[in-house]
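Please go over the structures that come below.
Presented sequentially are two complexes of chain A, the first with chain B as partner and the second with chain C.
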Partner chain A sequence: MADDVKPTRKELMQIEERIELSERGHDTLEQKRDGLIMEFMDILDEAKDVRSDLDDKYEEAQRAINMARALDGDVAVRGAAAALKEHPEITTESKSVMGVYIPQIDSTKVRKNLDQRGYGVLGTSARIDEAADAYEELVDQIILAAEVETAMKKMIEEIETTNRRVNALEFKLLPELRENKEYIEQKLEEQEREEIFRMKKVKDKKEAEEDAEAAAKEEEDEEVVPADD
Partner chain B sequence: MSRTDATEEGNYEYVTARVRSRRSRLFDGDDYRKLVRMGTGEIARFMEESEYETEMNRLGARHSGVDLIEYALNENLAKHFDDLLRWSDGALYDYVARYLRKFDAWNLKTVLRGVYSGAEREAVEDDLIDAGEFSAATLERLTEAGSVEEVVELVDRTIFGDALTAAVDDYEEAGLLVPLENAVDRTFYEHLIAGLPRDRDRATELYVEFLEAEIDFVNLRNALRLARSGAEMDPSEYYIEGGRLLTPADLRRLVANEDQLVEHVRTSIYGDELDEALDVLEEAETLIEFEHALDAALLEYADTLSNRYPLSVCPVLSFVLAKEREVDNIRAVARAREAGLDPDEIERELVML
Partner chain C sequence: MSQEVAVVGSPDFTTGFRLAGVRKFANVTEDEQLDAAVREMLDDEEVGILVMHDDDLDALSRTTRSDVETSVEPVLVTLGGEGGSDALREQIKRAIGIDLMDED
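Up next, the complex of A and B:
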């Protein structure tokens, strides 16, 4: 219980208002947390698929480049790679999902045609095309994975924050407020009881004084009566 | 150009005898089957005890692992082809030199790519294969060049000079090496047949036929790559003159429709040789198996010519192809083993006769 709680009716009303507000906030935050968890589960499923595709595409790209290096030679592959002039570009924007800003990554110049890769068609083979294709697909998948996994991390952070707030309300703030309310109510009741008792005492005292006064007056009247001779 | 007059008869007997001896030392199917089941260390050891001993020992201090194998293979290849040029005289020298200019083209492209990408001079030097007509001094000057324009200027007096000078403007405009690389490759292929005497003996005619087949296969391979890539490219930029299979008009028409292109090949002079390969191509999503079949068909064709005309340029040419194939196969095995690929998969990828 807070030390600075004043057991007054005003304070009680304020605390009751805060409890009501906190309960409403708690319900809203709980709903938000549940919503976020549902969104997170959807993103998690997507992230699992994206990660699995990423693993497959990485394996495929590695296989393709190993075959190209093996059969066309390391020099030919390095030469073809060095010919690339236009590198992929990435732009990021953000969108709000239940108040959480998650990134949207757009990429350009990742997938290229044969004429955009910079190497000559005459001096290279289909193996190099295949390795380039596989790596372009891999880069696309990495960008998608970055988007989905960053969204997932942001959602987790938001869920944690919301959960901490829900817990703070549920296990800290609301119990304290309720305890304070109970304390004030008890104090007020006690004060009321004391007041009643005090009033009763005053009343008894007043009645006793009145009785004493009446008795004294009666006695005085008896003494004043004259004798018959 | 040639160190002797190309109109003179060549010393075919001497060169073909030397080539037969060299050819007998090439790895056979059993050797490859052993190699694909070895680790990279074992492959290096196997090579140290073979034809490649000198190069492996010489380069062992500078390189290691699969790089050592690849550089030793390149150096050994260069040594053999240098010997061919050294032994040959007259017309034979001219024929061999024409074909070996593919290494000049390779070296020129390697230097251009090195300069373009700002690679270290030593790295570019390591990647050169000194098997063409360019002298060691020319190659050294090329590696010292500081800009693409300087490289073009250095080869001004070679067969590549005019084409490269013409392509420099496109390079400067687009900032891409493609125009220069295409100019180099196109010049090599177009000079293969250009200027050969009109009154040819049968062996020379077959040599020309073989070169035409190589040009046709290059055109076909590129047409299929363009057809599959969906890129909006002008097919004539990649067309090589001198073949019999496709005219520029055919190429423009067929590159838009792969089915028609395949049908065109089926009904062509290569229909029988490439029938199976075309079946594979129609079923497969990738061109790799088809390219594989083209390489095997070319190798087989050269071998057939060499058996039919043992005292001609054909056995020399067949040896050049077989040696190149050996180098490609060993490098493929070593790189593939390093990458942990399955031995059976590697064996399927090797082109063997």
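Up next, the complex of A and C:
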């Protein structure tokens, strides 16, 4: 329990207000967490699809380039690879899902025509073109995967933070506040009882005094009466 | 701002990507050089996506590996292997409480 709790009515009211606010915040955060988890499930399903596509495309691309290497030679493939002029570029925009900014990646210049590639058509074979094609497709898929994977990372981070906040409220702040509230209530009740007891004592004393006074007066009266004779 | 795709790995791995026009690449033949190459890509602001082979991740030092796995910009995409980074899987387990990547 916090040491600086003063057992006053004002403090009690303040703590009650804080409890109410914390409970409301706790409920809201819990809803946010549930919403995030639902969204995350969707993205996870998507990520799994993208992943398996990615693996397929990678295998395909590898097969294509191995073919080109085997038939045209490593040097020819590397030579063609070094001649590329256009480079794929990506631009990132973000959209907000439940307050989490997840990226949307747009790509340009990934797919290229034969004449855009920059290596000569005459010096290279169709197999190199096929390999380049396959790898362009792979890069497209990689960009898609990157988008989904970033979204997943960001979502899971946000879920973790929200979770931590929910737990902090539920298991630390709220119990502490409730304990303080109970402490103040008990202290106030005790003060009340003390007050009643004190009043009773005062009343008893007063009555005793009055009784004593009355008795004294009676005695005085009694003393006066025989004097009449 | 426009960014680029970068590839780090063995020459065999990177050649194909260069064929698709990827300009930023690092040919690494020794596992020891991998760390420095990945660090360089992480620090490069023009790199938006980093592509690596899953097996190469094991050759990274612990800190570099966790840095690259949790990095959002650039984001890491691994090819080959089982897919799905261990770090992310651990994080999902911690945050949600269930191992969601387990099904497949």
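Assume the second predicted complex is superposed on the first by the 225 of 229 C-alpha atoms of A that agree within 3 Å, B and C clash if a C-alpha of one lies under 4 Å from a C-alpha of the other, contacts with A are read in each partner's own complex, and residues count from 1 in each chain.
The definition used in the following text is that contacts are C-beta pairs under 8 Å (C-beta built on N, C-alpha and C of every residue); 3 or more make two chains touch, one makes a residue touch a chain.
Being a predicted model, the structure only gives us computed values, none of them experimental.
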{"item": "Clash or fit (per the criteria above) of chain B with chain C on chain A", "value": "fit"}
{"item": "Partner chain in contact with A:Leu173 - chain B first, chain C second, else both or neither", "value": "neither"}
{"item": "Chain A residues touched - chain C or chain B, whichever exceeds", "value": "C"}
{"item": "Touched partner set for A:Met67, first chain B, second chain C, both or neither", "value": "first"}
{"item": "Chain B versus chain C as contact partner of A:Leu188, first or second or both or neither", "value": "neither"}
{"item": "First, second, both or neither for A:Ser125, with chain B first and chain C second", "value": "first"}
{"item": "Where the C-alpha centre of chain A sits as vertex, the angle toward chain B and chain C in the overlay (nearest 10 degrees)", "value": "20"}
{"item": "Which superposed partner A:Asp115 touches (first chain B, second chain C, both, neither)", "value": "first"}
{"item": "First (chain B), second (chain C), both or neither touched by A:Val5", "value": "neither"}
{"item": "Touching partner for A:Ile105 - first (chain B), second (chain C), both, neither", "value": "second"}
{"item": "Which superposed partner A:Gly79 touches (first chain B, second chain C, both, neither)", "value": "first"}
{"item": "Shortest CA-CA distance between chain B and chain C [superposed frame, angstrom]", "value": "10"}
{"item": "Residues of chain A at both interfaces, chain B in one complex, chain C in the other", "value": "62, 78, 82"}
{"item": "Footprint of chain A on chain C - complex, ascending", "value": "1-5, 15-23, 48-49, 51, 70, 72, 75-77, 79-80, 83-84, 88, 91-92, 94-96, 100, 104"}
{"item": "For the chain A and chain C complex, residues of the former touching the latter", "value": "37, 40-41, 44, 48, 51, 54-55, 58, 61-62, 65, 77-78, 80-82, 84, 86-92, 105, 108-110, 112, 117, 128, 131-132, 134-136, 138-139, 142-143, 145-146, 149-150, 152-154, 156-157, 159-160, 163"}
{"item": "Residues on chain B engaged by chain A in the complex (per definition of touch)", "value": "67, 70, 105-106, 109-110, 113-114, 116-117, 119, 127, 175-178, 181-182, 184-186, 189, 218, 221-222, 224-226, 229-233, 238, 240, 286-288, 290-291, 328, 331-336, 339, 341, 346, 349"}
{"item": "Touching residues (chain side chain A, partner chain B) in the complex", "value": "62-63, 66-67, 69-71, 73-75, 78-79, 82-83, 85, 113-116, 118-123, 125-127, 129-130"}
